[in-house]
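Pasting the structures here.
Here come two complexes built around subunit A, the first alongside subunit B, the second alongside subunit C.
And then the complex of A and B:
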């Protein structure tokens, strides 16, 4: 297990390095000139040259790369051209909203996926109907789902808010984590907590739907396969209830492929978060990066890309570890 | 005095499954009674319906195949045919225990042994679990209870299965090929364990096996199944002394025997094959293969009782020796080419040897004890072995499990890097491997044809020639041509094994390495596969390297036998010499452990 842990950790570092390289290469090959973007398109040529020198873009590529690596390992992501704050500060400000949204979406996706997957295995009419609905859902892009939910629950039914993290007239908790629901809970502001959750529901569900469907289908497929295995026959021969056979014997054996799928889905969700934050005006990294694109704010874009990429890699590391916990055979490998 | 009510009472049981070419008749009117505490063997070739009978009694027929069942199966007075799922489940939990063939796959890989045993008992303390494990001869039961299945050997896992089957004090245990996947030395111990625990606790045992020798070792009574019916039933002595049904006689005759009476490349096989399970049978199902058949045999066969012994045959006892005409003819033909081959080998085959391995050593990292524990000493699985397989030669490696046989084989074919030493292979296609567990060595979603085509494509054969080559290979291994379109799950165990061999020979390699190729097969299939390997060897000039725990199989196939123990070669000799004059105690022990039905 320790060995596996170290192996995976090493692989993670290698992938993170690859990510840094990829982002750097993108910066180099993109035809836009970051120095000009910084000083504005009307600035005289000397000013651009000066800015270029300040940013180090007049150096040869290898030197630029070395400087870049040095910077990002120190956590220095340069200053945003638009907000003029250090990008790392901006990320610190916008990330909690995204983390909160992502966390609840992942929770919903996991629970929904698990429930639907088990429902599908149960077969019967409910299972078959669920299956059709799922296949239909999987074809609907997130922005449509989001709009639809807003129209139904906000415009028509007026039961849920359709934008932002919290009602404007409420004072935000000044808590330690920046995750508002956690802070509200810690400071005992339950009315605020309710308001926060009502704002979370629609974007989190929108973000969770596609992954939930994918998880359900993967889980279903691997459960079907596992239910044909000899050890399931053994479990049945003990006279166990079918539900016990499914939950105790089949589910954990089916976890492997489902976890792999869940790891891949993290990428899908990180992409989805950009779209969903747009639709619901959710003040997170997605909104930050879309604005940065509008301003050709290179440091901000690179910084966010690095942060999201790193999140993906780190989450997948833990997925690998979870897999090893679920399957003892991997542990001794 | 009235005999006690049977614990299992099967009457005129018929089971069909849905299949492509119509419904498959798995059981065609099977009847069998088992009294409380009785140990009964159910013997028959592959596809005769043995497993289906067991699964019907357990109420565990695969629902996906839409089984339809008529007749009656009374389990301790409870009718299982047509029982509600809940009723059948409760019976399973209390009246019956099951031990299945493959101990590797039959235990949940992600659950600790102790929990699986406790669950089987319907809840048990750690001490109780340890006691149950200990009763099946497991040493250090408390530690074993904390292991996962993959940490145990096959024999240990099968002991765990037996402990689980006994956990709820059932009245009947159904053991379906419980020792087929095990090593011969372990096989005997596990069989004896099953029989003694059953007898001590008064539990009835139905032992399903394709091996008459295995049944004879422990059973009071033997029932011989053919094409979904019982064709002969009697006490073990009666059956072994002189079967009165021609099929039972043939089955007895086709067992590879340790005395090597049938050496020289061919074992007698039952010619022909069982009737197509999708067709209905008029008269005797064995008629097309029976040397004693005549016109009367086309009328329905009575389940005649003769002196209390059941023989479903119009001419019981008429046949006393199995003539095996077909085998005689082939044998004569092959003997000639074999003589040529042998002469060539004696004169020194001019071709380079198929394999020359020198000084092979393989070590495995020791296990860690716990998360951060210290790594144990490295395990020396193979401790320095030289081995040569001449071109077209045949070498068998025998030894008990853990002796390093498979590790050696895997190094020779290049699946495993040796720690030390070198392997020199003859030029040509790389050696092919045939594994024991053919099901696992075939990719589930690829058809048999695709498996073969993959190898053809690898040697650059044009696509349009594939079909013919595939047909040839399937024919050579005795599979129907339509098998090409089927996926592994749609074949029986024996057919999968033949498909794996077809894959190995579709491009003839200089060497075929077999790891326990027949230990999961029934006798007549095993005989066919061994014959097939010998034939292929003669025809294609292949060399065979053969890992087996079945000494009879080794004797039938090999020119030279290498005995391994603890990673070292302890004896090697030409086959005849090894069996007639073994020089090492361990070799004698191995030979003595073979279950032998036939008094030589």
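And then the complex of A and C:
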């Protein structure tokens, strides 16, 4: 177990290093001059040269790489060109909104995926309808889902807000977690909590749909396989109800492959969150990165890439370890 | 596949070995190629449709529809008009062509790069295999969408750069598949026979190992079309595609979100077009997958 942990930890460090190299390569090959971008297009040549020296871009590539590695391990991600704050501060400010959205979306995706997967296995008319719905769903881009939800629930029915994280006129709790629903609950502001949840519903559902389809498909495939095994026949011949067989006997053994996907789903959601935050004006990392793209704010873009990439790699490491803890058969790997 | 029983003596001679593998390869190849063609002709069909579609557009992609700006769908403008009085229906037809052809281009490039790397790794083995596959694993371990966004943002938003970014994150899957198939093929008797017959390594890869990977690669490619249509639309939606006024479905949808509440058709129509295209890709991919698997099982 310790050996597996160390192995995976080593692999994680290698991947993190690879990520750092990839981002560095991008910085070297970009067509725009970062020093020029920082001081503005009208600055005189001496100022640009000074900025270039300050940033270390006049050094040879290996020296630049060493400086860059030192910088990012200290958490220094340079200054954003459009907010003028250190990128690490910006990330800290925008991350809680994304974490909160991602958390609720993951809950919805899990529940929806589980439900749909069980419907599929049930077969019959319901199962067939669920199959068609799933195939169709997987083809709908997240931005279309989001827009349709806004049109229906905000514009037509007026039951849910279509943008932002909270109504502007509400006072927000000042910490302690930055996750507003948690803070509202801790400080006992239930009206605020209701408002926050109503803002969360549409973006969280939009973000959850594609992962839910992936979960349902994987769960269905592994349930089909498990349902053909001997111990299921034994359970049935004991006279257990089909529902008991499915939920108590089959589901537990079919859950493995679905849990394996958890890491991949995080990747899927990282891609989705950028689109969803843009549609719903959700003030998180996705919106930060889209705005940075619009401003050609390269330090902000690379900083966010490093942060999101590192988060993804670390989450996947823990998913791996959790699986090995849960399933002893994986420990020899 | 019916195994052709040959006396061992036969495969020790060059002619015998060649005949042996040719017999097997021929019978397997015919049914496989037939299945591939039958399974993939719908892809060609959709390609023809999207190529012809812009010719049927009542207006050019940047032409003004005289009906005026932000008009509701009507006989004069089937999907309405956008804020610059352009005909949404015509722009969607142009956008479909861009989306579909771009998806095919990324898949082709990804599959070629991945296949070359996978084939070399699988056939050469040793440290070459180790280096190439660890690099592949490294790419697979990084979050593809984030990496793609960073690549396009760095190179500057344009359709070409978006295609490059997607190819960069897409090839590793193909490298894995091809390497696996090549290793599997290398263990088969026909590859052994070819090696004993003294064929060169390049010829061994090209004629005896790689053909075995064709079917799985094509299955993956056909299943990937829908994924890429969606990935391209999403990147285009967040501003990483061809700059305006290009008719790109994701970007069209994104720019019209300002008018979503009053003129929803301007942003919904391109979104629906993406969904239709992705659905076509899914159906074709699933069908090809089933066909080729049935063919392989026979």
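The working rule: the second predicted complex is superposed on the first by the 316 of 333 C-alpha atoms of A that agree within 3 Å, B and C clash if a C-alpha of one lies under 4 Å from a C-alpha of the other, contacts with A are read in each partner's own complex, and residues count from 1 in each chain.
The rule we apply is simple: a contact is a pair of C-beta atoms (placed from the backbone, for glycine too) under 8 Å apart; a residue touches a chain by one contact, two chains touch by 3 or more.
Keep in mind that what you see is a predicted model, and the values were worked out from it rather than measured.
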| item | value |
| --- | --- |
| Subunit B versus subunit C as contact partner of A:134, first or second or both or neither | neither |
| Which superposed partner A:208 touches (first subunit B, second subunit C, both, neither) | neither |
| Touching partner for A:39 - first (subunit B), second (subunit C), both, neither | neither |
| Touching partner for A:285 - first (subunit B), second (subunit C), both, neither | neither |
| Which superposed partner A:235 touches (first subunit B, second subunit C, both, neither) | first |
| Broader residue contact with subunit A after superposition on the shared chain, subunit B or subunit C | C |
| Which of subunit B and subunit C A:116 touches, first, second, both or neither | neither |
| First (subunit B), second (subunit C), both or neither touched by A:151 | second |
| For the subunit A and subunit B complex, residues of the former touching the latter | 1-2, 228-231, 233-242, 248-249, 252-253, 326-329, 332 |
| Subunit A contact footprint on subunit C (complex, rising order) | 138, 141-147, 149-151, 153-157, 226, 230-231, 233-234, 237-240, 250, 253-254, 257, 260-261, 264, 267-268, 271-272, 274-276, 278-279, 281-283, 286 |
| Subunit C-touching residues of subunit A, taken from the complex the two chains share | 11, 14-15, 18-19, 22-23, 26-27, 29-32, 135-136, 138-144, 147-148, 150-151, 154-155, 266-268, 270-272, 274-275, 278-279, 289-290, 292-294, 296, 298, 301-302, 305, 308-309, 312-313, 316 |
| Subunit B to subunit A touching residues, read off their complex | 58, 60, 62, 64, 85, 89-94, 96-98, 100, 102, 105-111, 119-120, 148, 150-151, 161, 164, 168, 367-368, 371-372 |
